[in-house]
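Shared between the two complexes below is chain A, which has chain B as its partner in the first and chain C in the second.
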Partner chain A sequence: MPAREGTYGLLAEFDTPSDLVRAAQQARKDGWRRMDCYTPYPVEEAAEAIGFHRNKVPLITLVGALMGLTAMFLFETWVSVLAYPLNIGGRPLYSWPAFIVPAYEWTILFAGLSAAFGMLALNGLPSLYHPLFNAPNFRDGATTDKFFLCLEALDPKFDLVEGKKYLQSLQPVSIVEVEY
Partner chain B sequence: MAHESNATHGATHAKALPADLSAPAFVDVWKMRALTVGAAFTGIAAVLAFADGKLDHVLRAWVLGLMLTFGWAVGGLALLMVQYCTGGKWGLLFRRPLEAMTRTLPLVFVYWLVVVLEMKKLYLWAQVDDVAGALKSGFISEIQAHAIEFKRPMLNPAAFVWTGLVCFAIWGFYTWRLNALALKRDADLPENTPYWIKKFENISGPGIVIYSLTMTAAVIYWVMSMDPTWYSSVYGLLFLVGQGYSVLALSIIVSISLSKSEPFKTILRQTEQHDMGKLTFAFVMLNIYLAFAQFLIIWSGNLPEEIPWYMDRIQGHWGVIITLDFMFHWLIPFTLLLSRDLKRNKKRLVRVCQWMIFAKAFDLFWLIEPNYRDAARNLHFSWGLLEYVAVPVAMVAFWVAYFCTRLKTRPLVQVNDPHLAEILEPEHAHA
Partner chain C sequence: MATSELKTKDPGVDPATGEYRVIGPGQTFRSVTVKISRIVLTPHTPLGWFLLFGVGGAVATVLLTALIWLFLVGVGIWGITQPVAWGFAIINFVWWIGIGHAGTLISAILLLFKQGWRNSINRFAEAMTIFAVVCAGMFPLIHVGRPWLAYWMLPLPFTMNVWPQFRSPLMWDVFAVSTYATISVVFWYIGMVPDFGTLRDRADSKLAQYTYGLLSMGWRGSVRHWMRYETASLLLAGLATPLVLSVHTVISFDFAVAVLPGWHTTIFPPYFVAGAIYSGFAMVLTLAIPLRKFYHLEQLVTERHIDNMGKVMLATGFIVAYGYGMEVFMAWYSASHWEAFMMWNRMFGPMGWSYWVLVTCNLAIPLTTLWSRKLRTSIPYMFFLSIVVNTGMWFERFVIVVTSLYRDFLPSSWGTYRATKWDYMIYVGTLGLFTALFMLFVRFLPMIPMSEIRMMLPGAKITPKATAKAGD
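Now for the complex of A and B:
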């Protein structure tokens, strides 16, 4: 993909999560859609404010868990019944209670791995470059104590001058224009 | 971080605590409803006992009712102590309902007295004085005779009564101490709150250990000894987790139901509700974990001293009950509580919690009934079997009525708590 050029978006900086959430709610109400919030720790209300409601991580986790469960249970059944049938204390070859523990462990393992890698994949990670790191205040503050709202240029409402004016009305600490 | 924002912005957005913190008037309506249900089911229980022609099932079902209400009163005490040790905002939602649960201990004691009086009908070891004679007449098997003889120093009426009295005295002491000090803490100056926090921690920490030991002793005597031949070292822990299961379910129901009106309307936030849903989910998981661990170990060992206990509860149609128990007790709450939306939805979370209490009762039925010769490996209908519905419902209903009166006696929110300011803030400030 060729390098994109021009403006990525307008980045507004806030001091508190409350200010950010209020600004994001207002922007969503005023019709903005292509925007994102950046906070040093998870602020669930910010995600709600920009209309973020569903992701596929739970589904991926569930599918992973069921796969782990089925795979291990079938594997144990195959080993004990077909491949290496052994008489253990006179118990039936298909002794399902004994299969539960490893099958359960694999459920957890697969669920955990699916959740972690599924989340990374859906986030578009690993990613080597993101335009927002061009903004110095973002580099310094996004992981410590600043809260950011970015109106992206892809939004049909986006206009550099009007957008800036609009962000001013939300009373941020600063506004930075971010290049690709 | 968020505290800084408090100074500048919090003032305009934080909610104010209502002036009147007492329990809303509808708690009296609950009480009246509970008393009506209690009276109706007492009548039903009486009719059923008449139809059945004997009191055996009434007493067995009585133990079920005792275990449920005991679980709330003493399990509530345990969760209260855990809350004092861990801290957290959920304490503001749960502490007063839990305190009210602990103060129902007198009623549980009365329920227990009935078990003491009717000990001979409930416990084989109490029934059999002359072991050799009973063995000769074929009343008990050789294994039972040996177990009763061997366990006599522990399983005898005097030990049963004294252990019970000592346990109730200890629980009563902690109930009184924590409840009395909670009022003192609220009456004290806010500056002294750190002292009180430490004080409650120091009482509760050892209290949790003592609770685990006394509770284990109680369930061994009251339920496990119904079958004198069998023992399981995880039994106490199983009931401990079971109490967490039912206490959390009831506390969530109470908090959410109270939130229809002030003051809980103000302090119940979705964040804490969601957290409590997650904690309940953990107990659902832990519960099946222990129950299955016990089964797996005994199944693997396959020893003649242990396995009959499970055979009594699987063969002769009991397999249907244990399968349903597995689904009711674990599968249904587990799959439902996986959902984030459900945990954040008041109405649905309450429904699941109500279901969990029913499932707990169902599990107790599976634990209690097969201890008796007429029911072991032989699930069959008799009018007496329906006592397992009538008697516990009546007992729980009277317990709920008493709980409501206890709930009315204090303000529902503890004011001298550092988390109070946080729980009044809009949720995103601390998310």
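Now for the complex of A and C:
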């Protein structure tokens, strides 16, 4: 993200998840798009409210799984048939049933790593700095017991004064302007 | 019946269901966060922690000593010989891996089954998994005789152009156990990321803020992140479930593919997996009961958890009992002279005492008493029982390894097995290593997942209309 100046957005604090969900639903209905909710635990309803319905983690996991499966199976076949053929009790060189077990393990290994790192990558993590950490009430609340709605300055509707007034109508506990 | 006679005045019992609550009454988002994070962030380490860590560390040095002597002299210092070439090393390997399995079961399988009560115990059960795998993984490595050549087991393109033999279950083990270790660590770490964010935000000291800040990777609780995170957790759980079943299945193949009486059986995979879960839950209890007492976590790890773990142990204990029964049945039904002799010898031979220890500890004591709810929710009894089952499961592996090996087909090749002091030192040493690692975990990492506990609180319920306030 390029260095920016000015306002990142307006951060409204709520006490309960229900208040947050209601506010987010209202904001979405009123045409806001560039916004996000911040909660101390997953609140599925809030994600639905801001129109975030599906993500790409399952797809990445599937691709990883298939990669692991193919890679290991082909590798075992290559080792046992071409690179280092061994006669083990007269069994065929291409003993595919025996190759399933390591291929199965690698399917899970690659799928698991893809799920974990794919999730982090899609989330843009690690990112140790974020403008929201500048908000005085964010760090005490967002990872403990407060619920936040942030209207971002990138939204075409965004205007500092109007936005503040709009958020006021959603009855938050507080509204903070967040600087980059 | 048992339900009505339960202490109804006990505030831990939910009057609506008559069951113990998963989380004690009166907890809020902030109170659970403060309670759990304070254990980690306090500058005052309790004296008892130093005591336990010291004992664990001291015992772990016994392991270090024994390993140094082992590397200098070789596996001849152990009691292994012909015909019992797989002594304590393999017994301990299977025992430790089995203990690890309950952690994955709690974190993965119970997540898929939406068993919310698991949230309180899943973090330290996962930690237990990882430390158990650390202890387990060491044994095959030191058992190979020349541990500095252990990398030969990996399919690496080194100069001799020698490749591993993929038809061997021992080779499958390498992949199963290494995948299991990797996925367990990833699952554990990903699970802790949001909690690291909490610790970063609640830490007072600069060092803690930096450390947990780095570990949290900048987690800020965006719901978009949370949704991907939840998907990834669910997928990891879905992947860890077949993984954990496959790991002990593959380990049981090490035995089951042999033609030796006592090992040559198809019941091994399910019976090993059930046994693993059985012993693993016992170990979770062994760890959870002192922890909740010591850190005053009775509100978060309640009698309900102990009760439910008792039920899981009862179920898996019966699967194990079925496995034992089927072994005896097949010894007769196969009409194989060798199988029948093996079973007779296992029960009444010179090592027969070990079979009866196993029957007492794994069947007689737990499977008769775990039916009683009173006993299942009695903390001292469950602690005692967890030790009994851990012992019994160790003897199960002893019986499988030793009593199958020491008297095979030819009486002229019969022998016996006696562990040496080095065997005992290494086994006891891994217990010390496990304790020391676990104490470090308890001190520096959040041992109860705060974000998952928050989801369980009444305040987390979304109400359609206003006037929603956190409360019971």
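Methods note: the second predicted complex is superposed on the first by the 178 of 180 C-alpha atoms of A that agree within 3 Å, B and C clash if a C-alpha of one lies under 4 Å from a C-alpha of the other, contacts with A are read in each partner's own complex, and residues count from 1 in each chain.
Keep this in mind: a contact is a pair of C-beta atoms (placed from the backbone, for glycine too) under 8 Å apart; a residue touches a chain by one contact, two chains touch by 3 or more.
Remember, predicted model here, so these are calculated numbers, not experimental data.
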| message | Comparing chain B against chain C, which has contacts with more of the residues in chain A? | response | C
| task | Answer with first, second, both or neither: which of chain B and chain C does A:Pro58 touch in the superposed model? | result | both
| said: Quick check on the superposed pair: does A:Thr16 touch chain B, chain C, both, or neither? Answer first, second, both or neither. | reply: both
| request: Answer with first, second, both or neither: which of chain B and chain C does A:Glu45 touch in the superposed model? | output: both
| Partner chain(s) touched by A:Leu151 [first = chain B, second = chain C, both, neither] | neither
| Partner chain(s) touched by A:Tyr129 [first = chain B, second = chain C, both, neither] | second
| query | Given the touch rule stated above, what does A:Met35 touch, chain B (first), chain C (second), both, or neither? | reply | neither
| task | Scan A:Ala98 for contacts with chain B and chain C and give back first, second, both or neither. | result | both
| So, A:Ser80: does it touch chain B (first), chain C (second), both, or neither? | second
| said: Per the definitions at the top, what is the overlap between the chain A residues touching chain B and those touching chain C? | reply: 15-19, 21, 42-46, 58, 91, 98, 101, 145
| remark: Counting only contacts in the complex, chain A reaches chain C at residues 15-19, 21-22, 36-47, 50, 52, 55, 57-58, 61, 72, 75-76, 79-80, 83-84, 86, 88, 91, 95, 98-99, 101-102, 104-106, 108-109, 111-113, 115-116, 118-120, 122-123, 125-130, 132-133, 138-140, 142-145
| note | So, in the complex, the side of chain C touching chain A is made of residues 28-30, 33, 155, 161-169, 171-172, 175-176, 179, 182-183, 186-187, 190, 193-194, 197-198, 200-202, 213-214, 217-232, 235-236, 239-240, 242-243, 246, 250, 253, 451-452, 454-455, 459-464, 466, 468-470
| request: In the complex, go through chain B and note every residue touching chain A. | output: 1-2, 4-5, 8-10, 13, 292, 295-296, 299-300, 302, 340, 426-429, 431
| message | Looking at the complex, which residues from chain A come into contact with chain B? | response | 15-19, 21, 42-46, 58, 89, 91, 97-98, 100-101, 145
